[in-house]
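Going by the order they are written in, the chains are A, B, C, D and E; count residues from 1 in each one.
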Amino acid sequence: MKLKPSQITRKLESLFLNNHVKRVYRKPPGQMPGTAIHTGAKRVENVTMTIHDFDLSHYDVIPIEKVEKSEPYILNKSKTWIQVCGLHDVDKLRTIWDYFELHPLIQEDIVSTSQRPKVEFYEDAVFIVMRLITHKTEPNGTINLHTEQVSIVLGKNYVLSFQETDEPIFEPILKRLQQQTTRLRKLGPDYLAYALMDTIVDHYFHSLDLVSISIEEVEEKIIDKPEERHLQKIHALRRDMIFLRKSVWSLRDGINSMIRDDSPLISNEVKIFLRDVYDHVVQVIDSIETSREMIIGLYDMYMSALSIKMNEVMKVLTIIATIFIPLTFIAGIYGMNFDPEASPFNMPELNWYFGYPISLIFMLSIALGLLLFFKRKGWF
Amino acid sequence: MKLKPSQITRKLESLFLNNHVKRVYRKPPGQMPGTAIHTGAKRVENVTMTIHDFDLSHYDVIPIEKVEKSEPYILNKSKTWIQVCGLHDVDKLRTIWDYFELHPLIQEDIVSTSQRPKVEFYEDAVFIVMRLITHKTEPNGTINLHTEQVSIVLGKNYVLSFQETDEPIFEPILKRLQQQTTRLRKLGPDYLAYALMDTIVDHYFHSLDLVSISIEEVEEKIIDKPEERHLQKIHALRRDMIFLRKSVWSLRDGINSMIRDDSPLISNEVKIFLRDVYDHVVQVIDSIETSREMIIGLYDMYMSALSIKMNEVMKVLTIIATIFIPLTFIAGIYGMNFDPEASPFNMPELNWYFGYPISLIFMLSIALGLLLFFKRKGWF
Amino acid sequence: MKLKPSQITRKLESLFLNNHVKRVYRKPPGQMPGTAIHTGAKRVENVTMTIHDFDLSHYDVIPIEKVEKSEPYILNKSKTWIQVCGLHDVDKLRTIWDYFELHPLIQEDIVSTSQRPKVEFYEDAVFIVMRLITHKTEPNGTINLHTEQVSIVLGKNYVLSFQETDEPIFEPILKRLQQQTTRLRKLGPDYLAYALMDTIVDHYFHSLDLVSISIEEVEEKIIDKPEERHLQKIHALRRDMIFLRKSVWSLRDGINSMIRDDSPLISNEVKIFLRDVYDHVVQVIDSIETSREMIIGLYDMYMSALSIKMNEVMKVLTIIATIFIPLTFIAGIYGMNFDPEASPFNMPELNWYFGYPISLIFMLSIALGLLLFFKRKGWF
Amino acid sequence: MKLKPSQITRKLESLFLNNHVKRVYRKPPGQMPGTAIHTGAKRVENVTMTIHDFDLSHYDVIPIEKVEKSEPYILNKSKTWIQVCGLHDVDKLRTIWDYFELHPLIQEDIVSTSQRPKVEFYEDAVFIVMRLITHKTEPNGTINLHTEQVSIVLGKNYVLSFQETDEPIFEPILKRLQQQTTRLRKLGPDYLAYALMDTIVDHYFHSLDLVSISIEEVEEKIIDKPEERHLQKIHALRRDMIFLRKSVWSLRDGINSMIRDDSPLISNEVKIFLRDVYDHVVQVIDSIETSREMIIGLYDMYMSALSIKMNEVMKVLTIIATIFIPLTFIAGIYGMNFDPEASPFNMPELNWYFGYPISLIFMLSIALGLLLFFKRKGWF
Amino acid sequence: MKLKPSQITRKLESLFLNNHVKRVYRKPPGQMPGTAIHTGAKRVENVTMTIHDFDLSHYDVIPIEKVEKSEPYILNKSKTWIQVCGLHDVDKLRTIWDYFELHPLIQEDIVSTSQRPKVEFYEDAVFIVMRLITHKTEPNGTINLHTEQVSIVLGKNYVLSFQETDEPIFEPILKRLQQQTTRLRKLGPDYLAYALMDTIVDHYFHSLDLVSISIEEVEEKIIDKPEERHLQKIHALRRDMIFLRKSVWSLRDGINSMIRDDSPLISNEVKIFLRDVYDHVVQVIDSIETSREMIIGLYDMYMSALSIKMNEVMKVLTIIATIFIPLTFIAGIYGMNFDPEASPFNMPELNWYFGYPISLIFMLSIALGLLLFFKRKGWF
């Protein structure tokens, strides 16, 4: 018996809803490549499309339903950015894809929301896939990292961006677009694509900051008193770092290829800025590696703290037991019922005048001797 | 005394039948290279051969016994795919090899079923070896990964595929072949080879999904209560990942060489699709690495959970023992038989009016004191 | 609910003040690149600027307030070094930036004080970012590493240096500048830039020396008696090494690019000296790796020392308990109240003539037998 | 005082005889390079030399004593293979070296039997050093790996092979040489060299098979019951893998250089076969890495199995001790000798009608309560 | 408060004298590069300089005090080797440096005795820094590795060698120089430089041999009985390997650059020999890595041996305690003083005819039952 794909999917879906985001989730094997099937969960109610049309002289924002109606904006000489939020309505997305004649593999990748970051050069477009990482503080104070796929298509005169949710991450860019003097208005669509990428990369730093805070907090608590939930926290942090690294790692090569490629779509002026993003990505990767080592260090520290506590417990047991076991034995001796009257050798101590005090003093001196022995060993 | 090859083989065979698939299994040393000897277990009853002959206008499927009889299908201008299931009947296979004049080393590799994945360029053919990974759910609920070697020979006008079993993994491709408008019918045999490779790679994702589910399940159970069988499960997962990685790792370079090679057998159009497969393989390798780290994390977690449980056991023992050992000692004291009549110093407490209650209260206060001490230490 | 950036910042700020220097700290996401915002803590009261104007014939040091007033020094043929201490007053810094027309990204990097070390080539300047590492001995004897960012801009006829504090690290260079015959006076501004870099790299060796001493000290103490605070010291050392490595690692490639680049700003004569700095950086990285392995070794040693101590504790417990438990049992036997008068089988030993001595000798021989057993096992 | 070289040598020799083959064993420092000194143990009685002279029309095998006497075989047009078994008689070997004018460094390497595998190109010869790995089953069932150095010199018309023992590993090649139609007879001496290399590489697979079997066996036993000798077995396996890897690793680059080099001594036809050997070596290295990970996994498993057993032991102790310690205390209470006649408060229970049964029931209920507590904790 | 450099130096000096040789020890930061300051300890009484003047026809050895006086030897056509032992007298060294006009950076590196190995090409000289490793057996039988820096300057017609001590490591070369027919006399100064390097590399093998012996010895002892001093030995071995690796690692690239460089100072004939040294260095690095893995394996083995011993200790305690605790409880029961006369329910067993024997048999059967239980569990 084999597990049916649908069963696997259902299981994975439930893991996904419980925030286990590390899933690999794809179309069934053997299916036609270039088939656009949305493989993620529906994360917004409606797919919204917004046209941002701008050049040095104007900046218009128009929500659209059908891409054909907005053809004037696309055809005119000014730069056009179509921002799409929500990926579950493939038919709606297809209207855009068909209009811009995107390659089937681009289409497939936009809606297969478990892509690794990459930059691909097609004849008339650059296709960029990135993972946006945001964080949410749960009511109980824990901070969870969330991820969504953001795809950017950079064409001759336009930029298309596709994101899974309507998270307002590009808000600052909209504000900058409203100012006439910014480079965004002056330079070409490649600078806009750069700005979008830069914004996403900037978010990584904030997620890393949060992880750093968590590491510090756990570290302080472990030194104080190691508990099982700290172990789970460390494990969760480890997962987060694996997950973060996976989201960023391959981006480095992607951006590097943008800097080194001769594509006419990317100007030299923007390449200097891309070099800056590249530098940031390298810095993020560095920080991730650093955090991973810190987390491994945390784990080692946790285990040693456990060992230390164990040692302490064992010492208490050993000290108490080692002191009282011989004493109890002596008390047991004088609790024996040998008949003193049957023979002068039978426990004559019981009838000695100072029998009891002597035995007590004897016990006391044994106890003190053992205490001294443990003291010498440095056990307390 | 040396272990005879046959003994080794028998031992390995038994390991193999018990699903220990990591075996390296080959022809005896010193034998002529290019000797085709089937080195795997017989996994289907009969070797079956099927010709798929197709172009834009037609698609025929003909089971064949002898390759000579089907020469018309091969010689005509349409594309031909000969699908072979089962590798134990080397004589039957040789009829095909001889007809297509395959290099002896290709012949040897097709039936030596422990090859690592590779892509080799010969003068008039591209030889591709891949490992298909499927899974089976056992009656007891465990999921086992199975592997078989699939070899693909891509020639000028034909594709030969050799698989160990008759697992219907290429079913979806057959369905797509029946539709006249698909790229499979339009493009050359290189696209068919690509489609076969893509299907095999897609299966990796499903195996990885199952591993992810297992990891999640084990993780939850370990947090709850670590048991020895979880350790064995972790160990098995670790083996699976080592095995998966070995099956995929070298494929990356192989596909890369297909993309970069100038062989006339592979068109530029198909290379874009191969780039997609390449990307998937990299993604699979990424996921395998991620899973391996997760499994190592699981192991660490298991060991810490064990330590925590141990600590807990020790604490219970220490608390109980530490409280009662001194009390028992005191009870032992008053169980001594010193004769109170022999001297006024001999256990006068035994005759005190409140001797017994006082001793009980004394014991109780010691117990409470120790409990307080443990409480302060944070032991419960 | 999301954690507001300001809250994160505040948390990070408090970590920072408590000497947790591994922070990643940056401008909010989406902001215009090239925006110069000081992201570190204010570490000196006032931003001071000093002009060092020198050639073979003279050397003048002039503290300045406004860069325009010192234009003569800059425009003349002699070499000019403007040393800036303190980065929090961006407006003041901007006067220099504007005067020398630095690229906005250089401006941003100078005041974003968590850059990784790098060397970037612009059209008319080389931009070098390094991390200076100094150490302070706290009143309690612990040694803390401190870091600050030092940026160097090497132009055609000038060098600009920006540091966070007024730490007098370049003091020895000032002294050498006063001597007329030094290479500093003879060679161009590239040699000055080299000298600054060399000084910073030399400081790494001193930090590493201190770490080496700490490692030796901890090692000796652990062998003597492992304590929890040693574990924390090891953990702190580990963090220091991660942090040091991060500060130096990427510098290697940076300096290498200076040696290999054809920039007219760096002469061949200076490149031989840069090769020397490169060599030192490699040596520092080597030493860091060595120290890291030593620290891991320390950790392993600590854990084994713990285990050994634990074993010792357990042996003491086991020896004492194992010897006295059987003896106490025997004493317990003869403490039973079976009535010897009810039957001749009821504890006749109690009335034997040598009953008590025999029982004592019996106990003694058991104790000696067990001691012999433990001796044979090599337990003490 | 220094350890004299002779003392070191003697120590190493004894280690060597006890099968510790990882020794580095060489000429004393400062000696003239190119000095041929046999550094291994004498492993056959006499050095034997055999000439195999063959071409398409004939195949002769002649044992020789002096190389000069066989000059006709060497000078004729047919291919000549001189097989030398035993390396301790350097004078005898020198007759061959001198005849073929081998470079002094080749001479030195042939008899220094701890070379790492390598391929070196000289003007008129290719010098190949490999390590043959064979296994022997000891009477007690353990399998030991043995190694010897095999050197191959490939010249224009001849092949020289030097091995330490007379292990008949090239037997299958001799058989193939007797058949007139094999490639060995058709192709040049380069194909013979290839065939020798292929045979040696094939032996690696058999050693790896044995290691795999050992790993499986140990794994099964550890799951069943971990014992100290398993640990030693794991340690021995680890050493074997380190040793195997060292024997194979550098061979990869060597063979690769043979494939890529333009030496006229190696034909393109043979290069295709060398590509196959290269592939096998890579596969061996892969398997070694896999086995190493499996062995590390075994070790982890062993340690966890130990911990689990420890936990079990502790639980038994804790359950028994925790149940009986309080009961013994209660029994101790009623064994106290407070005089009931001295006061009504002094142990009135002793005279109660149901005193004894009540106390027994009280003890029983405590025992049951504790059992229930442990049951709840999941301890059994 | 900062630690003064002098304090650090003093601390490091004391560590150094106690044979902690891993120190990084350098000139104070900011000092003029190319300043020759001796940074090591004084290790010979006087700096001695010896001229070896030789060609095919003669070989003269002359101890010199001032380099000028020996100018004839240097200026003549024969090859000259100036061997300097001792580095603390910089003024004396400077006479040589000045005579040969060595670059200031070479001068600095010769006396800064913590250089990593390197090969640097200057216009008219090749500068080689190596670390010589020797060993000394202490009176207590432990073997310590010692290191010193050996610098070689290879010029057109001369070789300069600088070593820290007068250790007679080049003795064998002197002997070979006395023989007229050796290559040393025939070939140029590059061959002499090669011979010096070869001698130093040969010493590595002897140090590695000693480490191998130590590893074997510790391994045997650990299997027998793990003790704390073994742990310290393992730790010391680990340090030695880290230290050895550091001394050799970068030499590989250095020698490689000598083989590949086109410097006229190194002839092709000598390059073949350098290839041999290169090979040895790679072999040393391989062996170091192998030894490191062996040492890690030792550590793991030590830890497991500790765990096994711990388990054994716990088992003895558990068996003894678990058997006697219930028995003692039963003895305690019959030691209670319930008055049999107060009620027929009060301990009637005490008056049974077979009361005592029955109780003893009961105890015995409990003990046997528990023993059987432990036997079944495989505890002994």
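We take it that contacts are C-beta pairs under 8 Å (C-beta built on N, C-alpha and C of every residue); 3 or more make two chains touch, one makes a residue touch a chain.
The structure presented is a predicted model; accordingly, all values stated were derived computationally and were not measured.
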Query: Where the contacts of chain B and chain E overlap, which chains show up?
result: D
Message: Distance between chain C and chain E based on Cα centroids, please, to the nearest Å.
response: 26
Task: Would you mind pulling out the distance in Å between where the CA atoms of chain B average out and where those of chain C do?
output: 41
Query: Could you say which residues in chain C touch two or more other chains, in rising order?
result: 303, 307, 310, 314, 317, 321, 325, 328, 332, 335-337, 347
- line: Cyclic order, anchored at chain B and moving toward chain D, comes out as B, D, E, C, A
Field: Residues of chain E defined as touching chain D within the complex
entry: 135-137, 139, 143, 169-173, 176, 182-183, 195, 198-200, 202-203, 205-206, 208-210, 212-213, 216, 219, 223, 272-273, 275-276, 279, 282-283, 286-287, 290, 293-294, 297, 300-301, 303-305, 307-308, 310-311, 314-315, 317-318, 321-322, 325-326, 328-329, 332-333, 335-339, 342-343, 345-347, 378-379
Message: So in the complex, the part of chain C that touches chain A is made up of which residues?
response: 1-3, 5, 8, 11-12, 15, 20, 22-33, 103, 105, 115-116, 118, 120, 225, 228, 231-232, 235, 238-239, 242-243, 246, 249-250, 299, 302-303, 306-307, 309-310, 313-314, 316-317, 320-321, 324-325, 327-328, 331-332, 334-337, 340, 347, 349-357, 359-360
